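Letters A, B, C and D mark the chains in the order given here, with residues in each chain numbered from 1 onward.
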Amino acid sequence: MTKLPLLQVAALRKSFGGVVATDDVHLDVNKGELHAIIGPNGAGKTTLISQLSGALMPDKGSISLDGVDITSAPAYKRARLGITRSFQITSLVMEMSVLDNVALAVQARKGSSFRFIKPARKIAEIRDEAMTYVRKLGLRKRAHEPTSALSHGEHRQMEIAIALASEAELMLLDEPMAGLGPEESRLLTDFLLELKGSRSILLIEHDMDAVFALADRISVLVYGRIIATGTPDEIRANSDVRHAYLGEE
Amino acid sequence: MLKMNKTGWVTLIGMAALAILPPLLLLNGQAFYMDLATRLVILAIAAVSLNLILGFGGLVSFGHAAFIGLGAYAVGIPAYHSMWGGFDLIASSNGLLHLALAVGVSALFALITGAISLRTKGVYFIMITMAFGQMAFFLFQSLEAYNGDDGLTIDLRSELPFLNLDEPMQLYALSYGSLVLVMLLVRMIVNSRFGVVLQGSKGNAERMVTLGYNPYVYRLTAYVISGAICGYAGFLLGNFTTFISPDMMHWTRSGELMFMVILGGVSTMFGPVLGASIFILLEEVLSSFTTYWHLPFGLMLIGVVLFIRGGLMGLFKGKGE
Amino acid sequence: MDYTLLIVQMLNGLQLGLLLFLVASGLTLVFGILDFVNLAHGSIYMVGAFICASLTLWLGNFLLAVVIALPLTGAVGYAIEVLVARRLYDKDHLDHVLGTFGLILVLDTLAHMIWGPAGITVPLPAWLDGQVEIFDGAVIPTFRLLIIAVGLAVAGGLFWLVNYTKLGMLIRAGASNRTMVAALGVDIQTLFALVFALGAMLAGLAGMLIAPITTASIGMGGQIIITAFVVIIIGGIGSMKGAFIAALLVGVIDTMGRSFLDSGFALFMSRDAAETAAPAVSAMMIYILMAAILAFKPQGLFPPKVR
Amino acid sequence: MKKFWGAALGALMVSGALQAGEVKIGFVSTLSTGGAVIGNDIKKAVDLAMEHIGGKMGDLDVNLMYSDDGFKPETGKQVTDKLVKQDGVDFVAGYIWSHVLLASRKSALDNGKFLISTNAGPGPVAGKLCNKNFFTTSWQNDQGPEAMGEVLNQKGVKSLYIIAPNYAAGKGMVAGVKRTFKGEVLGTDMTKWPTQLDFSAELAKAKASGAEGLFVFYPGKAGGAFMKQYQQSGLKSSLPLYTAFTIDALSLPKFQAAGFTDVIGSQFTGHWDPNLDNAQNKRFVADFKAKYGSYPSPYAAQSYDSIFLIKSAVEAVNGNLEDKDGIRAALEAVNYPSVRGKYTLNTNHIPMQPWYLREVVVGDDGVWTTKIVKTIHEGRADNYAKDCKM
């Protein structure tokens, strides 16, 4: 590879008490790549994402984005630098409307929010743009309802809409399909396929069909360690992986 | 073209009543009810300021009375020196100086204590703000020069251009006008881009961080604004009572402010005003019936918490509002 | 430095600290297991003191009165749990603060109506009413030594409870894990009520122990509750160990402040100024301590374990 | 809320017609919190006085209104405002606590009302804040401890330790004893008021100071707590206790119930005692005991006096309450039967009266009470009179 990867993770380590959750992880995500991480439950996938997004601080190792070291940058700074994440367990502002939630993501990149006078909901520039993302995820009809009134599936769609609206270079998607029915999963897979190439995505997912259909590369995480990284075909052929993970399914 | 909902009507009628009734009572020789209304309106300002952080920011400050005290002492101390001499730097009866001091000192106190308190969450935040309030309380208790515990009685009020605060009607007009302005100000802030970030941080701070907002600075800013407004209420209260004591800052006073906000309804515009009104009037009415008025008062408090969702304003909310 | 005075004051501080621990331990139990902020905990302390004081005057025997008053105070706690507290558990902390603030008003006014404003002086048996000379010149009232002994014994009992019983396991598991309690097959409602009653008994015991010193009086609850909260916040909410250490810390610092701050201040200001400044600053000290600790450890000295 | 305003408007109609033939007295005291110990005793005495005057002053009916200050200066001021502005009283009387009086005085005096303190006597109201319409049936705070200082000198006490609460009256008491005491004051502790009730640290310091005597001032329930702890610390022989306004008819029954015999024989100063030999006092004490079953406190005595003082003034102007100058002159003349006997007023309206050394004794009926040991002085001006420019 000649060009620099967008995200570079080297020798990352994190432990809780005596339990090592992330153990010497090396990982990179190239620009425009969809890189999936798979692994059994409790392998430390969410812990890894949390360290990348800044919600958790690693004990050792380094993380850099576009060549800039962000290992110790707080989460909100990383977001400003272009990393966004979706949550495994839906994390939205439930009291606000669907459109408000998405608008907050748009507002975040339109300059300072230390603006006290103009009503936020009357700023067309923000509202219109937010609405395009809402529409894109098929939530147009529910845009003005409080988020708490929406279904689980719709919440997952909102998570994606917000990630898109933030226009982050790197999207960390933590099991976006968790709890979705087969039809909804298929729609979301199609959507991600369409998105592929324009954004870099680090995807954690249990739905193997989706992963193998979407990913450019796959890393397999077992007990906090990455035991293999490669194209879907390589991973499928890897005996370690078959033994440690896939074989057990 | 303006279609008002029930809450809107309640607000309008309530504010109109506050504008009309007290002056009418004063003109009919009922000076005491004017006093009552003035205290009510001033405490309503403090309650509205608390609602900005409590209702819209989710920050339960249990030390807000400290700002009232600071604002009141910002009137009392310069006035005291202008009466009895000493401390030439601030000895003055100039109301604009008092005002600047009240708002400035309160904002500064909010900035310093908020910067520390906002590192904590939940019950810890409730208790650390209480601790800072108690520190202010004990600090003024220890200031012998200003009579410590016994409080400061001043014989003059702030001198303001165009206004004579010794006139109950003018003091009331200023307080009422201030309440209206403060309510509009808080509404403007809450609806602004700043306000939606503040409310988003209340609803889900983790999400806001992911979007690139740092909730800490928004909360701190709101805390400072709220403290400054509450200090302004203290400025008015000092001018109203002309007696300023550390008691104004005691934690039970902070509790009363919280109670007003919650009784009326958090995150509503008129809720804190309604809460303050009910609180003051109830205190007045109940205590005139019995020395043991705290008993029905306490029972009512428990009742409100147990049975009324969203405070009294919740009763006026129609479907889908 | 007067070492005799220093040691006597250390003992006074220890006694105050242990008394605070009795109140704070109940508070932290209720908070840790039920996730319930109980401002009215101090009022239960007052109720305990009054029940014990009335019984002492009636029976003529302080110790017997304590033995009877303890279950009675527990019953009051149980009643409060069933009537009010239980209905507040699933609301947020703000509602707890307000609801129990109302409870303070109710209990204090009821106490005023039942026992009058004067309070009750509690007589002690002669063998407790004297003094003990610990060593040359260091004399301390026998009863204060008893408080220290009872405080340490209760602390020991609580440590056993926390570390070696099923209930203790729940406490150590961290704040309010209702699913886990349910998983253990315990009737949650009864368990919660019992924990609440236990907390009430601890507070009541503290009230009974202080009554012979300061008299049982209305308003005594409001004075201790805030200090008790400071203690559990410093210690880390839900942590028994934290409550113990923080209580001793607060007790000793408060007593030392009252004892030596004025002489300290007198080194750099006039004696008169020192004597007026010292009491206020010593009153402020525990709050300064708390703010300082929270500034560096936002969840107190022994934060509850994160899930 | 609407209902309330309705009631308020209704009240407005009624109060328009001023009740003729009535003298209105607002009485501010502490009826809730622990401070109500004193407040209730005062109320009993005032009720008794009302009975004794048959509810009339001259031809006028007396309309007496009690208000509770809740032991707080701010509340005291609010209820005073209400008495003055809403109830339109002619006299405001009462006030136990110095800080409550200081906060409330302006509300009454600025509206031209007569203000009669029945207990509190902080320095400022006797000095630079004195007022032609301010009177008192008690004393200036410093006077009790000043008298005690003289007693200490006579007893040959060379060094003293002082413990008192940190509020206006506490400071006055400390200043008073320091003014007259000729020995050395080895230390002063000012404790949190009214919340601090545990004095272990202060007592240990007092003992360590090696002083020959301990002076304290703890009115109300704090007095009981202090005495209890003094006894428990076993200091009676090494550090004799001298008090002001700490042991009284309110705390003695509690001490007796608790079998606290150490208190018998302890001495303190006062301007009144239930054993004072005059007709008014005998009637007051006998009827008080008969009606309420306990000895009256000095607070009760002063408050009982206040009703007779007002009565004397109202009768002097033949019920013409508009005659402020006449009322004032009558109040200044002190022409009423006081339970303490005859006394006069200084130029600042503070009584010039005898002060006595008193002692706790077991009464003839077995009830613990007090008696007079000796007269300390026959009446002196207070320390602040010179600052008063009326």
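In the analysis below, contacts are C-beta pairs under 8 Å (C-beta built on N, C-alpha and C of every residue); 3 or more make two chains touch, one makes a residue touch a chain.
Note that the structure is predicted; figures quoted are calculated from it, not measured.
Engineer: Between B-D and C-D, which chain pair is linked by the larger number of C-beta contacts?
Structural biologist: C-D is joined by more C-beta pairs in contact.
Engineer: As a test of understanding: of all chains, whose mean C-alpha position lies farthest from that of chain B?
Structural biologist: Of all the other chains, the one whose centre lies farthest from chain B is A.
Engineer: Just give me the whole-number Å value for how far the CA centre of chain C lies from that of chain D.
Structural biologist: 35
Engineer: Go ahead and note the Å separation of the Cα centroids belonging to chain A and chain D.
Structural biologist: Taking the average C-alpha coordinate of chain A and of chain D, the gap between them is 75 Å.
Engineer: Distance from the CA centroid of chain A to that of chain C, rounded to the nearest Å?
Structural biologist: Measuring from centre to centre gives 48 Å for this pair.
Engineer: By residue number and range, which residues of chain A touch two or more other chains?
Structural biologist: Not one residue of chain A touches more than one other chain, so the list is empty.
Engineer: Touching at least two other chains at once: which residues of chain D meet that condition?
Structural biologist: Residues 32, 36, 166 of chain D touch two or more partner chains.
Engineer: Provide the list of chain B residues touching at least two other chains, using ranges where the numbers run on.
Structural biologist: 141, 148, 292, 294
Engineer: Tell me the shape of the graph of touching chains, choosing from line, ring, star, complete and other.
Structural biologist: other
Engineer: Pull out all the chain pairs that touch, please.
Structural biologist: Pairs satisfying the touch definition: A-B, B-C, B-D, C-D.
Engineer: For chain B, which residues are in contact with chain D within the complex?
Structural biologist: 17, 21, 25, 28-33, 35, 141, 147-151, 153, 155, 241-243, 245, 247-248, 277-278, 281, 285, 287, 291-292, 294
Engineer: Once bound in the complex, which stretches of chain A touch chain B?
Structural biologist: Residues of chain A touching chain B: 53-55, 74-77, 79-80, 84-85, 87, 91-96, 100, 103-105, 107-109, 113-121, 123, 162, 166.
Engineer: Okay, in this complex, where on chain D does chain B touch?
Structural biologist: Against chain B, the touching part of chain D is residues 1, 4-5, 8-9, 11-12, 15-16, 31-32, 36, 68, 72-74, 77, 81-82, 85-86, 98-99, 102-103, 105-106, 122, 166-168, 193.
Engineer: State the interface residues of chain D toward chain C in the complex, per the touch definition above.
Structural biologist: For chain D paired with chain C, touching residues are 32-37, 39-40, 166, 187-192, 195, 197-198, 200-202, 204-205, 207-208, 221, 224-225, 228-229, 231-234, 250, 254-255, 257-260.
Engineer: Per the contact definition, I'd like the list of chain C residues that touch chain D in the complex.
Structural biologist: Within the complex, chain C touches chain D at residues 2, 4-5, 8-9, 12-13, 15-16, 57, 112, 116-124, 129-131, 139, 141-144, 210, 212-215, 217-220, 223, 255, 258-259, 262, 275-276, 279-280, 283.
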